[in-house]
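Down below are the structures I want you to see.
Okay, so chain A shows up in both of these, paired with chain B first and chain C after.
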Partner chain A sequence: MLTFISRRLLQSLFVMLAVSLIAFALFRFVGDPVAQMVGQETSIEDQERIRERLGLNDSIPTQFVRFIGKLASADFGYSYRTRQPVSEMILTRLPATLELGFVSLLISLLIGIPAGIYTAIKRGGALANTLLVTTLVGISIPTFVIGIFLIYLFGVKLGWLPTFGRGDTIALGWWKTSFLTLDGLKSMLLPALTLGVYQLTLTMRLVRAEMQDVLKTDYIKFATARGINYRSLYFNHAFRNTLIPVITIIGLQLGGIIAFSIVTESVFQWPGMGLLFLDSIRYVDIPVMSVYLVLIAMMFVIINLIVDMLYFFIDPRVRLASEAN
Partner chain B sequence: MALLEIIGLTVKFPTRFGNFTATNNVSLEVQAGEIHGLVGESGAGKTTIGAAVMGLLQSPGYIGSGSINLAGENLLALDNNQYHRVRGNRISMIFQDPQTSLNPLLTVADQLIETIRQHSDVTADDARTQAIQLLEETGLSDAKQRIDDYPHQFSGGMRQRVVIALALCTQPELIIADEPTTALDVSVQKQILALIRTLAKDRGVGFILITHDIGVISEITDQVTVLRSGRVIESGDTRQVLMQPTDNYTRALMAAVPRLEQRLHRFNNIVTDDSIIDGDDHWQVDGASAKLASDWLLSGHQSSDTGTTASTTPVLAVKDLEVTFQSGQPGWFQSRSGVKALSNINFDMHAGEVLGIVGESGSGKSTLAKSIVGLVDPSAGELRFRGQPLPPGSKRHRKHPVRREIQMIFQDPYSSLNNRLTVEQIIAEPIRFYKLARNRAHIRQLVASVLELVEMPQRAMLKYPHQFSGGQRQRIAVARALVARPDFLICDEPTSALDVSIQAQILNLLKDLQEAFGLSILFISHNLAVIRQMTDRLLVLKNGKLVEISNTDRFFREPAAPYSQQLLRETPSLSHLNAR
Partner chain C sequence: MFTALRRYAIENELLYLFLHNRIAQLAALVALLCLGGAALAPWIAPYDPYDIASIDLLDSLLPPAWSEDGDTRFIIGTDDQGRDLFSAILYGTRLSLLVGLLSIGFASILGITVGVLAGYLGGRFDSIVMRIADVQLSLPAILTALLIDGIARGILPRESHDNLMIVVLTIAIGLSLWVNFARTARASTFVEKSKEYVQAAIIMGMHPLRIMVVHILPNILGPLMVILTIDLAVAILLEATLSFLGVGVPPNQPSLGTLIRIGTEYLFSGEWWVVLFPSLTLIIMIVAVNILGDFLRDALNPRLR
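Let's turn to the complex of A and B:
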């Protein structure tokens, strides 16, 4: 296990280095950083002084090493647009996005997995078919349309739920959470649902397909022939065997949800990283963009590492093979 | 009262073309402590009977009529929940392949304890004690240490013992064993059969043993029912049915079983009812006939056999052959490790000889064939074909003459023919590739003729492989190999996927072709009886090493190596029926 993790960490390091290189290239070569920092009336000499002070006259490799060093010590520099430290901006936005991603994942798993198992067992049943058709509609409609529809229904027509922002939040240190207030939870519901619908459909269909395959295997037939009760048969014997592919896909999707919640965040004016990213694109705020890039890459790397570690706990064949090595 | 009584069981499967009757008015009885064999070829309805008794018929199959009584209780009157309580508790099942019948994610202990507690009110600790006892009873000596292992940590035979322990753990009255030893090597098969015998005797469990293997039936069953196309052909005391069959079909079936004790020149009296062969087969290609094919093949032979040394140099000489498979990726700090699939193999094969290769799974039989035909590269050693060095597969030029001269027939005719091509395209391919015919009309004529030579109607060339049965597909595969005008055929388990009567037909065909064209054949099989029928000499392989080379007749009279003796002893044979 330890050798496995350390090997994966080493691989992750290479991935992060490669992404940093792209982020650095973005930072250094998309336009002249100095020209974007200063006003028109700054003299050439002043610009030259800033250039010298920022180390932009050093060789490219030296600059890259310095860039990596700063990233590693969480010194992300300053935003062009707001003149705030980038780390501060990200830290205020990160909790909103993570909480949103977490809740939408929860919704998709809590509904998607049972629905997937149900539709696999009751093949061709009326409810199973209804579920399949409705989720198909859900997956076919673009996210922003769903979001707008939900706002119209629950926000405007029924007036039950707020339609934008995070609502009231409570600060736990630097982490502002909306889990602890009713208003925060209510505000969370619509965006989380919007973000989760696609994931839900995918989870359900994946679980269903995998379950159908597993239910055809000899060991399930044998367990049925031994009279194992149906609940254990479906959940303990069959469902567990579908987990490996299901977790792989869900893990990849989760990264996607967090990284690309941009559309949902903008529909609901959710003050998360997606919205921040959108603003930085609009104002060509390169430091924010490059840090965002690195952070998202790190998120994917971490999620994949967790997925790989989950294989360990689920599948004894993986676990024992690595112990034997 | 009989333990299990099946009366007039008819199982139907609705299809688009009306109802398909899987079993028709089947009746049989099983007593407690008795092993009742169900034997028959594929499509006979053996497995359907087992599934019907378990109440686990594959949907949309249903029981049309009849009744199934377990110790006097009519099972068909139960609803699904009541039936589910009978499963495991009173009737249990053993499946064919121990590799797939255990849940890979649960330990053996998990699976046993859950099953025991499902059917009786015991604590987890008591269930564990029971489970360990059971595993010991089924022959797992270190059960206490191994019970918390996962299925993949056991060997095939050990897994089947675990499966049997699982089937037994609720003390059922009846166990249905569906081909319980088909996936196992003979030595393990012997042990598992002995275990089933003991359990029937000591515990009074009734067994239904479903198998296609007459040897297994003769070895352990008390009663046997012969089935064909869902009907009972003959039923009764095993010895009686097998030795003095009253029905023609049983007689034909018995005649088709290859015997260990004697070599038959041909199998006689075999069942022929391949429905596709019957019927309108008057469609013909102009001038095509089996005679044409055979003349054409013979003329090809003479031209390639003109060398005067041909009779003295061995057609194939294998010297110090070694094949190593690299296992996985090399680690960062360790060098590549490998598994030796074959080492130190030496033998010569003479022109016109049929050489058998026998061995258990993993012994390297197929690897040997593949390294000759060029699908696997040897890591050391030398191959010579008719005196010329035979380059390893990756360095063998596409136009190398040996590519035509050595042809191969594979085990599974369902995957060895391309389903997207017509039979004509499949058989014409070697002719076109090796440029053996003058023009299109000639190709067509040859394809039709060679089909007739392998006893298929010429019409077959217009169809696709899926329209044929396994035996017919294997004939097509033989035709495809023949049409390249090879001198040397490699047959890798050519009949293992086929029923006995079909096997007998294919073996007859291969014998005829071998005689007619003087082919050298390397014949691989795990089935000693088939090897006896087919080969002049044989090699015994074990774990990639050569154990014995012997003349076939001598081998069966007096095997030299201890391993060969063991192999022979453990192979089920019908001879003890005479002796008893």
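Let's turn to the complex of A and C:
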């Protein structure tokens, strides 16, 4: 148990180190940091003095260690574009993205899992087939087109829902939430749906595939032969064994949601981290880009770590395999 | 002799399944139409969207020909600059497919080379490659592509952006999709390597490179074809997304993504056609490629039959 966890932690640390190295290289070698900070009239000597003061003349390994130290103490430097501290920019944007992601994950799981089970059980049924064709279309429609379509239908044609921004928010400390106002909730609906639809189709297809595999196994055939009622067969015997892939799915989904929030936030002008990242790419704002990269990598590593740990607790096979080693 | 015989049988079976699958045939037809339209765009498009002389701003934002204010010169209307939308879509499909095919070519060559080498050689090379693949696989492709795109923007001088954007896009999308190819190629190579024909070739003292290219590669092409098709759809989607986000092809070149991006700006004032037709083209193309991918996967997977 301990060896398993420590090995995984070591791997995660390795990944984070690799990503920080990329972020550092980005920060240090793409463009000249000093040239970004000073105006054109600054003399060469002054520039050299700044360079010395910032430690840019030290050896590369020394600079890298210092970079890591600063990251660890959440000192992310200043944006080239807005001259604000990057940590401040990210903190004000973080709640918007997290809330949006949370709601889309809910949509995806609460609809996707039951629909997946249904289509697996009622294979070939009319409703199941309709659902399947819908998901095929859903997977093929790009996220931004779904968003545009929703905006046109509910925003332009019907005029029911707001189509950009977060609406009214209430501040709980530094965390601005849109869950507590009606306007905020209404603004949340379209972006969350846009972000959730693709994940939903993915969940449904994966749950369906997994459920079908389980339904083909001998123990299910045997249980059917024993005459167990179908409800118990499907939910206690079959679905329980699809839970492990479902956990993987949730892990993957979180990753997908973080990534596609960039697109959704751009369509709905949602003031989250994705929009910030996109702006930083457009304006080559390297500090914001590299910090975003490190933060995202950290999120992914933590998600993967948690998923692996969950396997360990849920699946006796994983536990036994690691003990056998 | 044996492999040739077997390959013939597989191909024949594929053909047989294809001839009995109406949906796959339809998808292939649509895909061919898109490809044909893209390849022949300069000859079949009524106007040249790059030719500024032929564009009249007075023609901007005309609705499709069948609506009240429509103009019969422009079948499905014009965009904000007065370009014929139909021609712009043809050229846009051309650019989207070009970037899609180039990047998937790049991804497959890179991925298959690395994968076959890793599967055949094993050892340290294998573990390093697979470690990198694992890390990259945990990041969604769109994120990787955006990052590479962003880095390229930082490195390249601003003036050469527009000229190099297609190369940058190809590399960004290709590098974010190579992992699938590498993993599949590695796993299949691993299986093939322990088979007798490869063992025989090794004993005969054949050069490893020759074994990999002449003997193993033809036998692992099946699963790779499936990934090639499915990932082509992903690549087209990625290009459209990046262009839509404004970090893909330059705005003066009509790709499907940039056309949709332009279209959204006019959605609120009711000019729906600028966004609708490029979106439809994109969706139809992706659905067709996806259906073909699904067909190939089912046809080549013995477990599902």
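The rule is simple: the second predicted complex is superposed on the first by the 305 of 325 C-alpha atoms of A that agree within 3 Å, B and C clash if a C-alpha of one lies under 4 Å from a C-alpha of the other, contacts with A are read in each partner's own complex, and residues count from 1 in each chain.
As a convention for this text, a contact is a pair of C-beta atoms (placed from the backbone, for glycine too) under 8 Å apart; a residue touches a chain by one contact, two chains touch by 3 or more.
Just so it is clear, the model here is predicted, and its values are computed rather than measured.
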Which superposed partner A:Asp218 touches (first chain B, second chain C, both, neither): first
Touch check for A:Ser73: first (chain B), second (chain C), both, or neither? neither
Going by the contact rule set out at the top, does A:Asp315 touch chain B (first), chain C (second), both, or neither? first
By the touch definition at the top of the document, which applies to A:Ser43: first (chain B), second (chain C), both, or neither? neither
Of chain C and chain B, partner touching more chain A residues: C
First (chain B), second (chain C), both or neither: which does A:Gly255 touch? second
Taking the stated contact definition, name every residue in chain A that is touched by chain B in one complex and by chain C in the other, in rising order. none
In the complex, go through chain B and note every residue touching chain A. 54, 56, 84-89, 91-93, 95-97, 100-107, 111, 114-115, 118-119, 150, 152-153, 163, 166-167, 170, 331-332
Contacting residues of chain C [partner chain A, same complex]: 135, 138-140, 142-143, 146-147, 149-151, 153-155, 233, 237, 240-241, 244-247, 260, 263-264, 267-268, 270, 272, 275, 279, 282-283, 286-287, 290-291, 294
Residue set of chain A touching chain B in the complex reads 7, 217-230, 232, 236-237, 240-241, 314-317, 320, 325
Within the complex, which stretch of chain A touches chain C? 15, 18, 26, 30-31, 136-137, 139-145, 148-149, 151-152, 155-156, 255-256, 258-260, 262-263, 266-267, 277-278, 280-282, 284, 286, 289, 293, 296-297, 300-301, 304
